[in-house]
Structure formats: C-alpha cells, structure tokens
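Structures incoming, each one as structure tokens.
You will see two complexes here that share chain A, one where it goes with chain B and one where it goes with chain C.
Moving on, here comes the complex of A and B:
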C-alpha cells in the first residue's frame, strides 16, 4: 500500500515538474537561451493567481486564462526589445542578460510583495480522494490534469499549426528556415512568449500547491534545469519524461534513504546522465 | 552591432564601478564624531530575507527610541546611534566577509551578529580576532558559545530549554502519546532542536519511531510524510523555517494525517504562519524564546514588555515576535552596557556586558561564562482560535493544552 502511495505521489509530482520545466525547455531548445528569468515568471504567475483570488475571488482555474495571454505578451516584448539584440552572441551573453533581468524582476517582487511567504488557500478546501488505497489531494490532481492538458496543447501547437511548424523548423535548422521564408526574429519572440506563458500558467498551478514567495524562484529554476537535462531539450515528451523520472527518483530515494538524500540522488542522476546520455531520455544526439 | 553594444557597456561599467568604490571610501570615515556605529550583517536578500527584515525592524526600533531620547549617555556626553547594515545574501561565507568589512572599512564600534546559529558562529571568528563585542540576537545552539570566545554574547537560551518543557507538558497531559516522529530541516538550528527533541523524548520514555532530515530548499515533502503516516505516531514534531513548515503542514492536511499532538518550531510564532494556514494551524504547538504576552518591568530603554509591544505596533502595525524582540533587546543591552561602562572602549563595554544582571522587557538578562544567556524561561504555546496561547511558564499561562490536530 505504501508502494502505491509512493508511486502516485511521484506521478503527480512528476507532472508538476514537467509543467515547471516545459517552457524552459522550449526556450532553451529553440533559442539556445538558458532563460534564468523562468523561475521568476513562475513566481509572478503564482502572485497573479493569489492576487486574483484575494481581490476578485477568481479561482485559479480561470486565472490561467488571464495569465496565458498576459505572460505571452510579456515574453514576446522582452524577446523583441531586449533578447533579440544579443541572440546571436555567445551563450554566455544571453545567460548574463537573463540573469540580470531575473535579478530585476525578482527584487522588484521582493520590493512590491515583500519576501513574506503567502499561501493561496481555497475556501472551502478541495480535500483529498483515495485512489487504490493511496491518498491524493484533489488540488494536486487537478493541477496535474491541467499540466498534462497544457503539455498536450503545446504538443499539438508544435505539430499541427503553421507557427508551430515554423518554431520546429527554426529549432532544427535556422539557416534553412530563413531560406524557406520564416521570419526568425518573430519566431524567436513567439517561442519566448510561449515559454513565458507556460511559466505563468505553471505559476498559477503552483500557487495552489506551494507557498508563494519571490525566494522560491531559484527552486523552480533548479528543478526545470534538472528536468531538461534528464529529459532532453526542446521536446514536449522530454520534459514529461524528465519530470516523471526526477519525481520517481526523489520519492523512492526519500522513502528508503531518508529525505535528506533525495536531492543528492537527483543530482547524482544528473551527473550520470551528463556523462552517459547528454542528449537526455528522449533527446536526439547531435541535435545542436 | 549588438555584441559591440554589450562590449561598450562593459567597458563603461569598469571606470563607473571604480568611481563608486572611491566615493564609498571617502564617505566612510566622515561621520565618526559623536556617533556610536553598530554593524549589522544580515541576509537582506536570498532565502533568509524575511528573517533579516524582522531583525532590522528590531534594531531600527531601538535606534529610533535611543536617538529620540537624545542618544546614549556615555559619561555625561550623549552619542547618537547609527546602525550600519550590510547584506550577505543568505550566504554564510559572505557573512564572514561582511563582518570583517564592517570592522575594517566601516569602522563600527560594536556588532550585532549575523542571523541564526550557523552564520553567527562562522562570523564570530572575525569579531573575536578584532576584539569587537558582539551580541547575537538569534543564535541558540550551544556550539556557537563553546568556542571559548570572550567577545560574543547571545540572548537565546540553549535549544533544550524549548523542547524539555514541551515534552513535560505532553507527557503529563496526553498519556496516549507513545510514539514520536521527528522531521528536521538539515540546517544547524533546526537540526539541533530536533536532536534535543529526540533526546528529551527518549528521556521521558517516548519511542522515537522516525527521525529524518530533509535538505534545505526541499519543495515537496510527500514521500517523507507518507513514511511518517505509515508509522502512525501520536506526536509529530517538525523543525524548519516558515516556508518549510507551511508546506509540510499543508501536505499533512492533503494526506489526511491526523495526530493528537503536532509541534512545529520555529514557524508558528510568526503571524504570517497563522495567516497563511488558517484553520490548519489550529492546535499546533510550539515554543519560542519570547512572547508578547509576557509581563516584565525592565530597566532598559523600553521599560515594560507592554510598552515595547505598544511602540512596536505603532511603528510597524503588527504584533512583534521573538525575533524582532530579541533584536531590539540586543540594542537595548548595548545601551545598558555602554552607559554602565561610561565609555565606548570595546574592552570596557565587553566587561560591562559580561557582568550584566538586569531585568528587561524581554525578561531577566544574565550571561553565563560562555556568553549565552542563562536567565530565561522560554514560553510554550499553542495556536488556538487563530492566536498563540501561552501554556507555560505558569506565571504567564493563558490557556490549557488542546489535544488533536486534524
């Protein structure tokens, strides 16, 4: 019975990790930008959900529809006005730039929202349900379903839509995409906007589950990073696979070796992957 | 074009930075006259930032009161107080550098220690080297004080003074409790408290069925909580800081974990813990070094506990907790010691601190030979009806223990 509980915990947590990582993975894969603002976008999304719930009593399920366009616009503008200027520079330049932007956004949040921890508590609370002898909180379950839905939508967008095909084309071969008439700067901006929108939506979902504070942004960023390396860059299924693997290792490790070793295990796994399978679980070799 | 634009910015920033440094160096010694400068290295940014805010509130309240009264009286001459803050970004090695910088570059007269036991201990090597009297507002672990240092004093009693009274109350009033599970943040103070708890539980005949640590920055605790739930302990004892405890309490509710007694240190003393958790905070027990319900009539600048609480509420519109109170106390103690010494000579003030035996708004203050306070009875309390209710010590007791946390 405890094994069932561990497995279900891991499945739920893994989907949430995937949701945290997917926007990060998209931006890294398509733009080759390690987007360090990602964690702060998630936190900003969480504050948006918290604010809407406190002031308008708008449930986080609807807050997603506010967050997605808002964050898309924010990401699009940041890419168009700032990041596109240095996009062709070595990766260290874009890394430094997003690091700086992250400092600004994170400290602005500390300034305006203070560093106090807040919690979005739904009233009445959603409670928990029993599945096959294991207890699962309903809010996590809904967040998981939403996370999977968002992931599916992104998958469809990349596969079926014109703009999605253009994003994939730029990712695979930038020069060939230009020759085919793709306007690369706008594709970059759309991809970054999508990444930001996914981060914002992830933030809305995380608001239900984790305490909210600007200081948690680095924890989200760290998870996103590990998930991307484990799963492989730029692909939807990679983020999902990486998230599930990470959660599974953490849950099993923390049950049998104690919670203090869960982090050790996940980073050990990261190192093993970097050495033996740098392209990740579902990534393709030599994709760069 | 874009690469050269960045390069130009980088080139420009070097002379600008040098200019800023030079300006800082000139501004430094200008204000040395008739001012007592106390350095305060704090984690103003990073994960411990909320704690730094509390420390600052305490220090600032004291400095404001001291300056309002004309300053500190040193042998008939009044000195204004200035607190020099530096940010060590919640990074302990940087706390050591920041402390050294305060002494050698900012020329502070005295120091408030860095936050918490770990950073205070690390930075105390520097203050000891320069023989700068240092008051630690938030360092409770004995390991901070057993280094044989002469210049370090602390206002928190050892960790076992929190866990022992709590264990005694549970043993006397909840006979059903047999099995205890302990989950601790793997960090100097939370871990030390958990180890004291384990010791005091065993001494009182409880069985410790689970004792595990979780890493700093752990996001999700479901696996550890599932393991605890499977053992069905009657007492669940968790240590950590506000964010950890909020998350753990929420996940306990999610996993439908119930127990006659749930204790958490050190979150529940903070109002934001109660606000964030709402009903789930009910009946959680805790202990802290100070509580606003205490009633002491002090000889320090704040006078009575009630007066301190009133001044604090006027300035910050919120109820003070033990962290803020201890910070303010450290300022008040420096003032008492400087006035007693009649000098700002570091060695004389150090001796005055060592020989203090005085009642303050925080309680009676007397330091042991190792520099740690040994004159306080920290209160045990429980969240009841959204408010902390004191259960111990007898003199300030406000209510009875309620059993059952859902």
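Moving on, here comes the complex of A and C:
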C-alpha cells in the first residue's frame, strides 16, 4: 500500500519534471543553448496562473491556453532579437547571455511580486480520490494528465508536422536543412518559443502544487538539468524517462530518509549517471 | 541562348574566410542535358557546388539561371528557383525515417498533399528499395540506399536542375551502375543534371558535356567523347600511360 503511494507520487511528480525539462532539452538540443532563463519562465508562468485566478477567477486549466501563446511569443521575440545575434558564438557566450537575461527577469519579478511565497488555493478545493489504496488530490491528478498531454503534443508536433520536421532536421544537420530551404534563424526562434511556452505551461501546473516565489526558479532549473542528464539530451522520451526516474528516487528517498535527503539522493544519482552513463537512459539520437 | 542555359556562371569567385577557392569559374549547364564536372581532390568542385546552391557567398562574377540573376540569393531562393544540391556524403537526417527525409525535400513546396504524395510515389518507383525501407531510419541504410534516398530527397523539391556531388563515392560498381541508369531515366524525363564525379570514366561516359576543374579554375570543357580522347585528360585523370 505504501509502495503504491510512492509509485503514484512518483508518477505525479515525474510527469511534472518531464514537462519542466522538455522545453529546456529542446532548446539545448536544437540551438545548443543552455537556457538559464528557463527556471524564471516557469516561475513567471506560475505567477500568471496565480494572477489570473486571483483577478478573474480563471482556473489554471484555462490559464494554460493564455500562457502557451503568450510565452511562445515572448520566447520567439527574445530569440529573434537577442539570441540569434550570438547563436554562432561559443556556448559560453550564449550561456552568459541567458544568465544575464535571467538576472533581469528574476529581479524584475522580485521587484514587482516581492520574494514572498504565495499559494494558489482553489476554492472550493477539488478534494482527493483513492487509487488502489493510494490517496491522490484531484488537482494533482489533473496537473499530471496535463503535463503528460503537453509532452505528447510536443512529440506529435516534432514527428508529424512540417515545422516539427524542420526543427528536427536543423538539430540533426544544419547545412543539409539549409539545402532543403529551411530558414534556420526562424526555426531557432520557433524552437526557443516552444521551449518558453512549455516552461510557461509547466509553471501554471506548478502553481497548483507548489508555493510560488521568484526564489524557486533555480530549483526548477536544477531539476531540468538533472532530468536532461538522467534521460539523455534531445528527445521527448528521454525527458519523460529522466523525469520519472528522478521523481521515483525522490519519492523513495523522502519516504525512507526524510524530505531533506530526497534532493541529496537525486544529485547523488546525477553524479553516478555522469560517471557511468553520461549519454543518459535514452541515448542521443534525433529529437523524437 | 540564355534561356537554354539552366545554369550559367561567368568569372565566379568564392571561398571560405580569407581563403579564395574559386577563381573566375566559367560553367554552363544546358537545359535537358547531363553535365559533368571532373577534377582531382581539392580542385574546388564541392566549393563550386556550395556556392551554386547558396551555402556560401559568391564574391564576384555572374550567376544566372534561365536569364534570372541568382548571385547573392539565399539557399531557399535558389531551391525555389528549381536548383537542388544533393551534397557530398549524402547528409541524410539519420534519425529520421526514409519517408521523413523525402518529405523534408519537399519542405518549401506549397503543393497540396496529393501532389506531394504523387511525387513520393514517383521517387519510390525510381528507387523501389526506398519503398521497402520507407519507415526505416535513414542512418541504418546501406551506402547505396543512402545515395538513393539523398537523390530522392533532392527530387522531392521538383527541381529543374539536380546537382549531385560525388555520386559514386564509396559505392560498389554494381550500385553505381544502377544509380547511373536511374539518372539516365530522370534525364530523359526532363530533369537537367550537373554531376560532380571523381570517377572520370563514369562521368564522361554518362554526360553530354563536361568541364574539368583544377586549382579552382575551369581548365577544359567539351563533350564527353572529346575529353575522353584528350591526351591531357587521359594522362591526368584516367591514369592511362601514353605510348
């Protein structure tokens, strides 16, 4: 019975981790940019959900439909106007640039929203259901389903659509993609926009479960990193596998060792993977 | 006359960074013909292909197709003009399936699904092996199948001129013969071809006209038979000993 509870917790947390990581992994894989704003995008998404619920009483499920286009546009513009100028520079340059942008965005959030922790509390609460002896709050269940849906949508977009194929083509062989008539700067902007949209949506889902503060952004970014290393960079299935593995380890760790050691355990796992299996669970192939 | 030339370069200069590779290249490809470009390693053949497809900038000279000026155009614009480049080493998208690779070839086309489907079918008829392996990852194909897929991907852009860099590289003679036959059929159906080839015998046998490149310049041109009979070409590229 406890095992069931751990498994369900891991599934809930794991799908959210995957959702956090796929956008980060997409940008890293396609643009070779380690996007340090990703964590702040997630927090901004959470504030968006919080604000929409407080002011308009708009449920987070609907906030997703606001967040996705808004964050896509934000990411597209940032890539088009700023990042594309230095995209061919060594990875340290783009890393520093996203670090700077993250400082600006994060401090702007602290300035406007303060560093106080806030919590989006649904009223009336949705209660919880019991699945095979395990208790799961309904809002978490919906967040899990939405996270998995978003992950699946990205997979379908990359595999089945014309623009998705172009993104994968640019990742696999940039010059060959150019010969097919692909305009690489636009594809970069679309990929970065998708990454931002996924971060924003993940933030909306996070608002349902975790307290919101600009200070949490580095924790989200850290999770995205760990998931990418565990699962393997550059594939949706890798992010999913990495997210579930990380969540499973954390759930087991916090049950038996206490919540404070869950993170210790996950970073221990990270180090083990870096030494023994640096390509991650799902090896490096195309972004599929 | 200009309308009969699907590709015309005059005094073309191009290179990488500070290094100039092409020095005043003159090249003409007639509509409906197979034109070969031969020359030793490092002569600048691949650089010329990259310049003609817009991958690297043209620094000087004229580049026209059917009377339209193509110098300074982007790769996408040149492709839209009907000139497609099948690059050396195939450069397939390895993690994609054969069919996804072929569909990437049609990326710029605004044609409807039915028309793309029809062209896909035509490629599969030209290369039946690709139909068998349509759902297989391109990276797992044999060398010959990869070349078929690369040519097929080029054809999916519905080109007027197919530029193929190193058709026979790393392939068995039997496979090369199959590919050469396929090119003949494509050419009969109306596609003009510019073929870069190390194997001079194959190239000169297949082509209507040929150009010989050396040190970034065109040093000879003529029909396939003329060049095959040319003692200097025989000496330099065919390794035939003079008696």
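To be clear about the criterion, the second predicted complex is superposed on the first by the 284 of 288 C-alpha atoms of A that agree within 3 Å, B and C clash if a C-alpha of one lies under 4 Å from a C-alpha of the other, contacts with A are read in each partner's own complex, and residues count from 1 in each chain.
The rule we apply is simple: a residue touches a chain if its C-beta (ideal position, glycine included) is under 8 Å from a C-beta of that chain, and two chains touch if they have at least 3 such contacts.
Worth saying up front: this structure is predicted, and the values here are computed from it rather than measured.
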{"item": "Three-chain arrangement built on chain A, chain B and chain C clash or fit", "value": "fit"}
{"item": "First (chain B), second (chain C), both or neither touched by A:32", "value": "neither"}
{"item": "Contacts of A:165 with chain B and chain C, given as first, second, both or neither", "value": "second"}
{"item": "Touched partner set for A:186, first chain B, second chain C, both or neither", "value": "neither"}
{"item": "Superposition-derived comparison: chain B or chain C, residues of chain A touched", "value": "B"}
{"item": "Computed vertex angle (chain A) for partners chain B and chain C, CA, steps of 10°", "value": "150"}
{"item": "Contacts of A:178 with chain B and chain C, given as first, second, both or neither", "value": "second"}
{"item": "Touching partner for A:110 - first (chain B), second (chain C), both, neither", "value": "first"}
{"item": "Gap in Å between nearest CA atoms once chain C and chain B share a frame through chain A", "value": "13"}
{"item": "Shared chain A surface residues [contacts with chain B and with chain C]", "value": "none"}
{"item": "Interfacial residue positions of chain A with respect to chain B in the complex", "value": "2, 5-6, 9, 13, 85-86, 88-89, 93, 107, 110, 114-119, 121, 123, 125, 128, 135, 137, 139-140, 210-211, 213, 215-216, 218-219, 222-223, 250-252, 254-255, 258-260, 262-264"}
{"item": "Of all residues in chain B, those that touch chain A in their complex", "value": "2-3, 5-6, 45-47, 49-50, 53, 183, 186, 212-215, 217-224, 226-227, 230, 242-243, 246-247, 250-251, 253-256, 272, 276-278"}
{"item": "Residues of chain A touching chain C in the complex", "value": "162, 165-166, 168-169, 172-173, 175-183, 285-288"}
{"item": "Residues of chain C that touch chain A when the two form their complex", "value": "53, 55, 74-76, 79-80, 84-85, 87, 91-96, 100, 103-105, 107-108, 153, 157"}
